[in-house]
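Every chain is named by a letter (A, B, C, D and E) in the order it is written, and numbering of its residues begins at 1.
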Amino acid sequence: MTRPLLQVREVSRWFGGLRAVDNVSFDLHEGEILGLIGPNGAGKTTMFETISGFHRPTAGTITFDGRDITGQPPHRLARMGIGRTFQIVQPFRDVSVLENVVAGVVGPNKPVSDARGQARAVLERVKLDHRASILARNLALPEKKRLEVARALATRPRVLLLDEVMAGLTPAEIDEIMEILAGLRREGIALLIVEHVMRAIMSLSDRIVVMASGRKIAEGVPAVVAANDKVIEAYLGRRNTHAPA
Amino acid sequence: ETVKVGAVYALTGAGAVGGGDGMRGTELAIEQINAAGGLKNHGGIQVELVKGDTQSKPINAVGETERLINEGKVVLVMGAATSNETLPLSQVAEKYGVPHINTIPQNEAMTNGKLKWTWSATVIDSDYVDGIMNALEMIHQTKPELTRVAVLVPDNEYGIEMGRLLKAELAKRKDLTLTAFIEYGAAAQELLQPALKLKASRPDVVIQVGYFRAGVLASKAYEQFDFHPVVIGTGGMSGDPKLRAELGKLVDGQFAVTPFAGDLPAAIAVSQAFEKKFNQPLTLNSALGYFGTLVALRALDEAKGFTSEDIAASLRQLKIDKSQMIVASDYVAFDENGRNKGRDTVVTQFQGDALVTVWPPEKARAKPEIKKFNTN
Amino acid sequence: MDLLPLLPQAFADGMLRGAVYAIVAVGLTLTFGVLRIVNFAHGDFLAVGLYVTYLGAKLLGFDPYLSLVLALPIVTLAAAFTYRSLVAPILDAPEHNQIVVTLGLSLILQNLMLAIFSADVHTIPSTVASGVFAFDAVFVQTAAVIAGGVSIIVCLGLYWFLHRTETGRQIRAAAQDRDAARMCGVKVDRMYMLAFCIGVGSLGLVAPLIAPFSYITPTVGASFTLTSFIVVVLGSMGNFLGALLGGFIVGVVEAVGGLLTGGSINFIITYAIFILFLLFKPEGLLGGRRL
Amino acid sequence: MPLLEVEGLFAGYGDVPVLRDVALAIEAGSITALIGANGAGKTTLLRVISGIIRAERGTTRYDGRDITRLPAEEIVAAGLVQVPEGRRLFPTMTVHENLLVGSSSPAGRAKRAENLALVFELFPKLRERQSQLAGTLSGGEQQMVAIARALMASPRLLLLDETSLGLAPLVVDEIFQAVRLLAAQGMTILVVEQNTALALDVAHHGYVLEHGHFALDGPAGDLARNPRVKQAYLGI
Amino acid sequence: MKQGFGFFAVLAVTAVLAPMLPVYGQHVLILVALYGSIALAWNLLGGMAGQMSLGHALFVGAGAYVSTALYLRLGVNPWIGLLCAVASGGALAAGLGYVVFRRRLSGVYFALVTLAVAEMALHVVSNIPALGGANGLSIPARPGFASLQFASKLGFCYAALGVLAIVGAVILAVHRSRLGYVFLSIRENERAAAALGIDVVWGKVVAAAISGALAALVGPIYANYVLFIDPESVLGVPVSIDALVFAFVGGLGTLFGPLLGAAVLVPATEALRGMLGGRLVGVHLIAYGAILILVMRLAPQGLWGLITDAFARRSK
């Protein structure tokens, strides 16, 4: 495999006495999809927030493309090429879908000249182009999730962190998103995805990192992780120990 | 057929107390002249009042004055109650060349020669200071030992100017000791701390400057601290008959330096008419509004016609004698700057139920009483 | 001048004034801090209460304390009417709609009082509590002590009510999530109405209490509105004990500041302290914990 | 007679129509699953039934009584209780307080102590967390509180909206275990789920909502084998 | 595009019609243009960037005081004073914004801080003798273009419309540039904005600076029109409240709604005062209050929304 694009080294993030993320390390390579799973409250979202600069790590270092980015503010990381979505969708509710994505295009300090064209292209990639002129708040949930992806994509990220973009979707809708994500991988964008939908995460991911109580408890290819006793105990439960499709 | 005159006061907003009083005085004066047959020299023509409300904002003083001049077609304007409204008002009068009768504010800038169209019937700040020094004189005639003097002024334009003049005047008097000079916030909700500091300086006499509300708050604070100096007040802060109604005997014995006293011979009838019409006593601002309007109407009556030039000429020559003075003015005649040469103040005192003029002796209705007081 | 000996007096004045701020702010804490209704007319209801007290004195010869039987029900009724006609329809509206509506209400109330009572300053002395207590060199008005005491009791009482009673709990639940509360069987409309009526109606209790040592004009309430917002924020939004503490702090800062400085420099100090507070402890005195 | 009966229901938000001519019948003691794409109107239907929003037309009958125009709190008092989508806890109140608010209806208040005991038996974790602020709980724990809070109202009919959303598989198992237990004790339950397989697995009867209208209904097992359902909702 | 054209068209028509207005009408036009400019400036920060200030009087007042004091004390030409006013308003807003936004204060906290700072400034100025203290400053009447005083009312009309045009042009330029999206993103969701590469603190400070500078532009024109300023009239709370009420009533966050708000409410106040002011004290303000409530009830999105809705319906 290529050299790691994103390196997380012994990162911790504490809230007072609570160790939400505790000494976690992993790598993400170019063009790779890395799944991050774990029980509720395991620290997955906190890990995302720390990588994308919304939280400063309590300890540890994060490097991106060989540069130490630990403690950089979120907007600077976004400009470097780290894009992210939010677990709770946060569209700009009162403007159109297109404007949402234009904001993504110009966000990292780009002029507005051909931003609309670029935004339309991004909307096509997530199959939202037919909704371009709708106010974002009027979108249905699956569309909002895709908008969330589109806006992050518009910033031309090299790494994209996706936090539960499939939660609340029907299986058919999940299939649609999976297809989009597979397309992104083909474009060479590295993806770090958090998901509780096992079917999706097991089939999409190249590798999976499992967290519980802030710690990394397992890492490896999906089949191996799914069979790991610790993972079954903490997360999957006996009934869900099916191997990936 | 009527001739229209304008009056601009703050009827709403922060300055509504003073402005409302001024407007009521003006209303009464106009009602009376109309009832008495209008302007005699002009075939008994009736006078119509057009009112403007500044809402206590200078820019509305501009707008309202312009409205009155342009749309109300008034031949002269009167007002307002505070100098921050009256200065812009007079600038408009200047621009249109319409006579402006300043009724209430005593800011000297109104009549320092820069404004050609403003005539001021009332006193200026320094008159109050002279009056206060007279009052001290009066006190020392019976109690020469009361030499410790403290000063309490608000931090608004009126208070700061008065404070400056008072300080300068007291500094000249080697026989007096200035024990404290205290500024209070004009918008303050209570005056406990200023009163506390006053008391701590152990003055015999407190000179207090301010408006009605401050008078209420100061008297209550003195009472709380069991502090009873000889009080000389100015403005609405002392000597307003409404104070007696609100505070009862708390104001007993307080002196006030004022250009108006309700017991001046010509004022008594006006007071009664005012009470009858508005069901409230005639206050300083009401009296000044009334008096300024009288001056304006008199000038109008004596003018050849109702053009601005005619009215201005009439104002320049105007002479009103002592018998018609409802205020402390000795007579009315304007100097070249539009300042009333006859302007004057008297000293009044709350004595029991009455508010009486006690100084100067020739205008006094009673003798000043300096009752028991404590300052320690 | 040696100001040191005067400090105890200033402190006492500040505490008593702070208690008044606190009790006015407590009502705002309920409506603004808990229900999130931005009410710029809050203080004007205090003025309404004061005029009711004044009328009681003028027309019926009531002592201010007796006027409680008029002011409390009338202000509460006014609050109920306001809630039904103006507040309830805009509960879901954006904050700025609420601001404009309550600013409009404030204009209406102030000018209604102006039209009826004129801008004159009035006082309402009490014969029951007219005296002055003297402790050593400190003088305090009996009426102010009564108001301060009641204020503390009311703050604690409301705290108890909101945290320890069934109704209080339901009010808090309704304030946090109206639909969820409804799904729990809470009569949400009634709880909002009740909270608003208590929050604003409490001013009907405050008015007669402060009447003996303050004054009335149509705009007297407006100055309380601003101070109350400051106190509510200082004391951690929505926290009654915080409001009490915030009230005391503002009162004492004003009084001691007034002693050490003159004129409006005092205001500058109060505002400066408030700003520093917001900058460095925005979650308020009692931490971020809302109700 | 069904415990809940919905007929000819039309509802929407302002100008936007959502439900068109919906009819539904739920037998006492059964578990019914309601499935459908996002935005199909499932939540809207539950909100109408619970009296949170008003129907434009149509009736809902509960226990033989017309409750279409009843205020939400009276519907709760009658024993029809919803666990809302997104949990909707009172975040700065403690778990205990959340549970107490859950028993605001007269029926709930009367059986408060009893229900509290029952709830702690069902979710032993919550007993330890009683004095923690609800907003600081993990997602799974919050979902348990949401269900527990609804149980505090002594429901006869429990409506569960997207209970499994965002929860770890293990927790989802725990929660549906509890649902089965409640049904076994005689409670009538309506579950709305995106996790169609799970919903049809636990339910006796199922409804498929498409664009605000019921496209299909039948025994849960039949639906699970229906090719159309398989393709659209089971992702197979 | 369309809105910009519409704005300048309305401005041009107004400029052509202005000479035909009676003098009092011209006064009202000046008021509308000045208050409208303040409201538009406020809206750039409060509506477009979502940071609602309750202290815009600070910038209006700074503008008025800087130009007036420079002229009276140092004899600086009022036109240069005007530039200094704008610079000082912008600098003040940027400085205040930097301190406040860096501490992550927003919403009601931001509103209260700005209110407190403006009030503090009022009392500070009241205590500075060089600025006339509470007395205020009177500007000697010296009509002439060079002294920024215009001999005729019409001259002031054009000056005020000029200010409005500048404010409008800046707003349009911002709206069409990247800044427009920066403000929009910050207003809609700060965390999402940061994730898009937007420096949120920087964006807010820029919004504050532009807004403050534009508000300060109004100060010198006001001062030279009234020829008198004092702390209460240019730094007082009512100035800030007016700006925000006009913006709310006109349409928060829309490009030109706040101007519409001023264009409706200012003449309404004047008309009400003219009709009712002389009779029963305060009645016109009661009516004004009722109008505010009614507008918010009937047009929750503001008058601008009402108009665009009507157009949308017509074109359907």
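Assume a contact is a pair of C-beta atoms (placed from the backbone, for glycine too) under 8 Å apart; a residue touches a chain by one contact, two chains touch by 3 or more.
To keep track of the chains, here are their UniProt names: A, D = ABC transporter ATP-binding protein; C, E = Branched-chain amino acid ABC transporter permease.
Quick caveat: nothing in here was measured; it's all calculated off a predicted structure.
Undergrad: Any chance you could name the chains that touch subunit B and subunit C both?
TA: Where subunit B and subunit C share a partner, that partner set is E.
Undergrad: Just tell me the minimum hop count from subunit B to subunit E, counting one hop per pair of touching chains.
TA: The fewest touching-chain steps linking subunit B to subunit E number 1.
Undergrad: C-D versus C-E: which interface comes out with more C-beta contact pairs?
TA: C-E
Undergrad: Greatest Cα-centroid separation from subunit A: which chain?
TA: For subunit A, the chain whose C-alpha mean is farthest off is B.
Undergrad: From the centre of subunit E, which other chain's Cα mean sits the farthest off?
TA: In terms of C-alpha centroids, the chain at the greatest distance from subunit E is D.
Undergrad: Could you please state the distance in Å, as a whole number, between where the Cα atoms of subunit A are centred and where those of subunit D are centred?
TA: The separation of the two C-alpha centroids amounts to 31 Å.
Undergrad: Calculate how many whole Å lie between the centre of subunit B and the centre of subunit D, each centre taken as the average of the chain's C-alpha atoms.
TA: 75
Undergrad: Centroid of subunit A to centroid of subunit C, CA atoms only: how many Å?
TA: The mean C-alpha positions of subunit A and subunit C differ by 49 Å.
Undergrad: If I count partner chains per residue in subunit B, which residues reach a count of at least 2?
TA: 12, 14, 16, 20, 155, 186
Undergrad: For subunit E, what residues touch not just one other chain but two or more?
TA: Subunit E, residues with two or more chain partners: 126-127, 281-282, 285.
Undergrad: Using the contact rule from the top, write out all pairs of chains that touch.
TA: Every touching chain pair, ordered by label, is A-D, A-E, B-C, B-E, C-D, C-E.
Undergrad: Flag every residue of subunit D that touches subunit A in the complex, lowest number first.
TA: 35-39, 138-141, 162, 165-171, 173, 194, 196, 231-236
Undergrad: Which positions of subunit C touch subunit B when the two form their complex?
TA: Result: residues 1-3, 5-6, 9-10, 13, 17, 111, 114, 118-123, 125, 132, 134, 139-141, 213-215, 217-219, 223, 255, 258-259, 262-264, 266-267 of subunit C touch subunit B.
Undergrad: In the complex formed with subunit C, which residues of subunit D make contact?
TA: 50-52, 71-73, 76-77, 81-82, 84, 88-93, 97-98, 100-105, 108-109, 149-150, 152-153
Undergrad: Note which residues of subunit C are touching subunit E in the complex, please.
TA: 38, 86, 89-90, 93-94, 96-97, 99-101, 103-108, 110-112, 114-115, 118-119, 218, 226, 229-230, 233, 263-265, 267-268, 271-272, 274-275, 278-280, 282
Undergrad: With touch defined as at the start, can you tell me which subunit B residues reach subunit C in the complex?
TA: Result: residues 12, 14, 16-17, 20, 154-155, 180, 182-190, 192-194, 196-197, 200-201, 212-213, 216-217, 220, 223-226, 242, 246-248, 280 of subunit B touch subunit C.
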